[in-house]
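Chain nomenclature is as follows: A, B, C and D, assigned in order of appearance, with residue numbering initiated at 1 for each chain independently.
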Amino acid sequence: MEKSKVWKFNHNVDTDQIIPSQYLLLPTIEEMKAYTFEPLIKDFAKQVQPGDVIIAGENFGCGSSREQAPRVLKELGVRAVIAGSFARIFFRNAINIGLPAIICKEAYDKVKQDDVVELDMSEGLLKIGDETLTCTRLPEYMQTILNAGGLIEFLNKEEVE
Amino acid sequence: MRMTISEKIIASAAGLEKVSAGEIHTVNVDRLMSNDGTTHLAIDMYNTLLKKPRIADKDKLVFIIDHNMPADNPKTAAAHKKMRDFAREHGIAFYEGKGVCHQIMMEEYVRSGELIFGADSHTCTYGALGAFGTGVGNTDFLYAMVTGKSWVLVPPTLRFHLTGKFREGVYPRDLILTIIGDIGADGATYKVMEFTGEGAKAMNINERMVLANMAVEAGAKTGIFEPDEAALEYLENHGRKPKYLFKSDPDAVFEKEYHYDLSKIEPVVARPDNVDDVVSVDEVGDVKINQGFIGSCNSGRIEELRTAASILKGKKIADGVRLLISPASNTVYLQALQEGLMDIFIDAGAMIMNSNCSVCWGGCQGVIGEGEVLISTGTRNFKGRAGHKDSKVYLASAATVAASALAGKIVRADRVIA
Amino acid sequence: MKIKGKVWVLGDDIDTDIIIPTEYLAMKSIHDMKQYAFSPLRPELAASIRPGDIIVAGKNFGCGSSREQAPEIIKSLQVGCVIAKSFARIFYRNAINNGLLLVEHDLLPELVTEGEDITVSVGEYIEHKDKRYDLSPLPTNLMEIIAAGGLVEAMKKKNSRND
Amino acid sequence: MGYTCIEKIIMKNLGQNHVRPNDIVTVNVDRVMIHDIFVPFVADKFEEMGFEKIWDPEKVVLIYDHLVPTSRVEDVRHFQIGDAFAAKYGIKNVHRGDGICHQLMPEADYVKPGDVVFGTDSHTTTYGSIGAFSSGVGYTEMAAILGTGQLWVKVPETIRVTIDGKLPAGVMSKDVILRLIGDLGADGANYKALEFAGSAVDSMSIASRMTIANMSVEAGAKAGLFAPDEKVAEYCGVSIEEIPDISADENAKYAKEIRYKAEELVPVVACPSSVDKIKPVTEVEGTPIDQVFIGSCTNGRLEDLEIAAKILEGKKVADYVKLIVTPASREVYRQASEAGILETLIKAGAIVTHPGCGLCCGRSGGILSEGERVVATNNRNFLGRMGPSSVEIYLSSPAVAAASAVSGRIALPAL
């Protein structure tokens, strides 16, 4: 299991908080990522380290269909987003770009900011302190996309076969 | 058959006799819409990541520039140019400055019974005509653009029975905010909200759009109405015919049923920063406003403009308050001009913007500053949605927004008229 | 008053949108804006200018809008003075009011090459490659403003006398 | 020896019976205009200078037009500072989103013939169209005027421009002023006043004269003046007798006199990227374009929209080309709406925005991208004015702009 530092967020974290509208038309994700979570945390983009995980409450990623939201997180090296539940489009987008979006009902109440957790994605296990939580498994179809590294890689593979 | 409207549309798009909630199916997409919020990214991916870049059927694609229209900085302009050049090169239907994408789609393309993907969350609007419209990200969009197909998880349906009639001064907008307040911002996640009953039937297509459009704010995959005479008439007026006229079977399975008596609905607002923090306008207290906004894919149509004009006629908005009005499309703009509504707005001191997304999405025209308060007919009131991260957005009906602009604070329209 | 510095050479009709594009005009302070000075024409210039450097240009320097940010930004880059064949009217007034020294000279802009050093003795002469070119003195009312350190200082003095 | 128009206005202002060019005099200011971009700077300087009150708050007009509607979150700060400054010092004349300053000042009766007016904007010269000496100043000087009610000026020499005859169809006052700027050069009237006369000028509407006065500054001029006539009296709602005599004397002394025959003028454009790079439209006809802008304090008035509508009636803006129309004021919008002009423009595919400076000031309203080309009716085509430096801006009359929008290329209006 790999160790990850926790960034803890509340319920209903919406896409405008993940990446505000005014930055969406910047030419690249590279330029956009500096503004990740700007309304919520000063300099998140500078502080987050590759391999960190986000743990949040219910309805993470509600709001718009902007794929920029999961993409800035992936670009910053966020290893996975673990939430009680996800908004539909965010969930789909995350899988499509190869960012693990993991549903785990109990995690939110059991962690605090800066905790270190261990995550085993292949088994769907999240270890917090001495406790090991089991995460909800993805439908097989979505797992296949995620395993391919995202929908585009999945498509490119299909094209070869 | 035991299927809902949504299940029937998905089954037909998947080429199957029957589908049920929870199944994942590959579907053919009837139409694909993308706007300037993300198309530049999809084009970059198309050009750099695909092994075999191709477009399955260019005639199914529609590109619409509406979010930052006209452009207010060179980077936005570059994103627009990328989109315009790509549309031109590939012969893709292209709209720039003609209106908000969902309004254009309803006026020009959507047919009952179609399955439509849009790279915008409010694509659920098309359910007003009995189409299954849903928002996707630009990777999903790209996949469908290349293959003509996508996958869907068949959603369960929540059914909302609407009975009775709205009282004077209460609008579909108040109803949908009330419903979201009741079921919560994730109350319909991954589900369909189907609206039915005499109250639904009595609404025209524009009014149904107000409801369907905000289904996503409760997390829904789409909001949908059974296509009826009103839908057929709308299609005919716009020179189109339905693809299918599906109805939910009497024995279809609904996950849950809700009942709303329209005569009991009050004018409401959603308070910052959550769409489900909904209270009666009277309960909101003394809230001074800096700006009002009437427009968006939710409430920028002729009905809302007429309502606003009836309240603003012969009056002046409060000193120091800005009132922005953006018709949802140039067709709406023209009609408002012809009906003399624009003259009323201009005389009242409002600003009439070209048809665009404006402050509803907060990336461009009309953004509000630090500590400011906006009352809006837009779709969302998230933190920072309309501009500065420390600004606040209240969502309300066009009537409440117009009245509040006159009073300089949030008030019920009938209080101002009286 | 003597200024000795390295010259940066620009052409004719350097307009106010070149000196500071409108896009940046509503920034909070001159300090925020100054990195964009001359950006449409020479994006590298603002960062290259060192205190005491001299800008030399052709005719009609500062034409265009009345934006006073234009001379203020040049001043904030600590440019020693601007020498041009001619200056646009509003820019001229704004520069004086901000204590930015302007020198009109027909010949010099034709003679200098970027990177050379020159010396300006205000109201007296310019020295370039051991040659001296005469300058005429400024009108008295302008010299008074410059001597006070700009119009704000002049007004401050006046208002404190009134007290 | 007689006096020019500007000399007479200054003499009247000073209560003197004699001035000469290059005299340095201190004038009493009749009206000032401050717009939103510079409000915070004026307020700062005013307080830094130690003033405690404004010399005459009635004479001060604040206009929010450059940042309307807002396009950045910081824009609102300008309104907040402006509103606070107005409240603190008793300024009642505040316009929020009512239109472009230079349209509003004459339209809302803030300027009268013979007045001396300063504004924090170079195109303040516009009011010369109704016989006012009006000019742009920086915010520091504006702060000083607010405190003292006075400003020193050097009495300018005058260049007299006489245009006789009748302008051919499709040739507008914009073509006249562009041609003049081309002939004089962008600094040809630096520090001088321009004075316009002749039968072609007499038959021009006030709106057409405003276009000329407005762009006088693009030749460097301190003012662009027209002697007030019956049309001015009517525009200002006064009788001609009430207007002070500020017409130039026959024996006035001019630095230069220029004459044009109206019949010989043709539609022109100012090519990128200087206002004096003037070419007849015929020389650049067919150049592909990406966008057209009709608006600004130069050409956003009713007659400008009217001619555009006439050309666009029953036609469509070319594919992949945007036509952005920004009326100069609420009043202009209202009139264009009533006259059915807006309807015609929108049917043709125009994007009509709220009255304000829009694209002309380069902060919103249709910024362009690398290598794009725009035909615009405003007053400046400077490098980087509407996007990156590679954007090419052609300045033209509304007629040429509308015709170009239809063809997708720079085109002559068929009139």
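Operating definition for what follows: a contact is a pair of C-beta atoms (placed from the backbone, for glycine too) under 8 Å apart; a residue touches a chain by one contact, two chains touch by 3 or more.
If you're wondering where the values come from, they're calculated on a predicted model, not measured in any experiment.
Looking at chain B and chain D, no chain is in contact with each of them. Greatest Cα centroid separation from chain B: this falls to C. Chain A and chain C, compared by their mean Cα positions, are separated by 53 Å. Per-chain Cα centroids separate chain C from chain D by 27 Å. Residues of chain D in contact with two or more other chains: 72-75, 77, 363, 388.
Residue numbers of chain B whose C-beta contacts span two or more other chains: 73, 76, 78, 364, 367, 387. Counting partner chains per residue, chain A shows two or more touched chains at residues 22. Taken pairwise by the contact criterion, the protein chains link up end to end in a single open path, with no chain closing the loop.
Screening every pair of chains for touch gives A-B, B-D, C-D. Note for the complex: chain A touches chain B at residues 12, 14-17, 20-22, 24-29, 38-40, 58-59, 62-68, 70-71, 85-89, 92-93, 96-97, 139, 141, 150-152, 155-156, 159-160. Across the interface of their complex, chain D is touched by residues 69-74, 76-78, 80-81, 84, 88, 94, 96-98, 290, 320, 322, 324, 330, 333-334, 337-338, 342-343, 346-347, 349, 351-355, 358, 364-370, 372, 387-388, 391 of chain B.
Chain D meets chain B in the complex at residues 68-77, 80, 83, 96-98, 320, 322, 324, 330, 333-334, 337-338, 342-343, 346-347, 349, 351-354, 359, 363-370, 372, 387-388. Those residues of chain B whose C-beta lies close enough to touch chain A in the complex are 24, 36-38, 40-41, 44-45, 49-52, 67-68, 75-76, 78-79, 118-121, 123, 135-140, 142-143, 146-147, 151, 153, 185-186, 189-190, 216, 219-221, 274, 361-364, 367, 380, 382-385, 387, 389.
Across the complex, chain D meets chain C through its residues 24, 37-38, 41, 45, 48-51, 67, 72, 74-75, 77-78, 119-122, 124, 135-141, 143-144, 147, 152, 185-187, 190-191, 218, 220, 222, 274, 361-363, 380, 382-385, 388-389.
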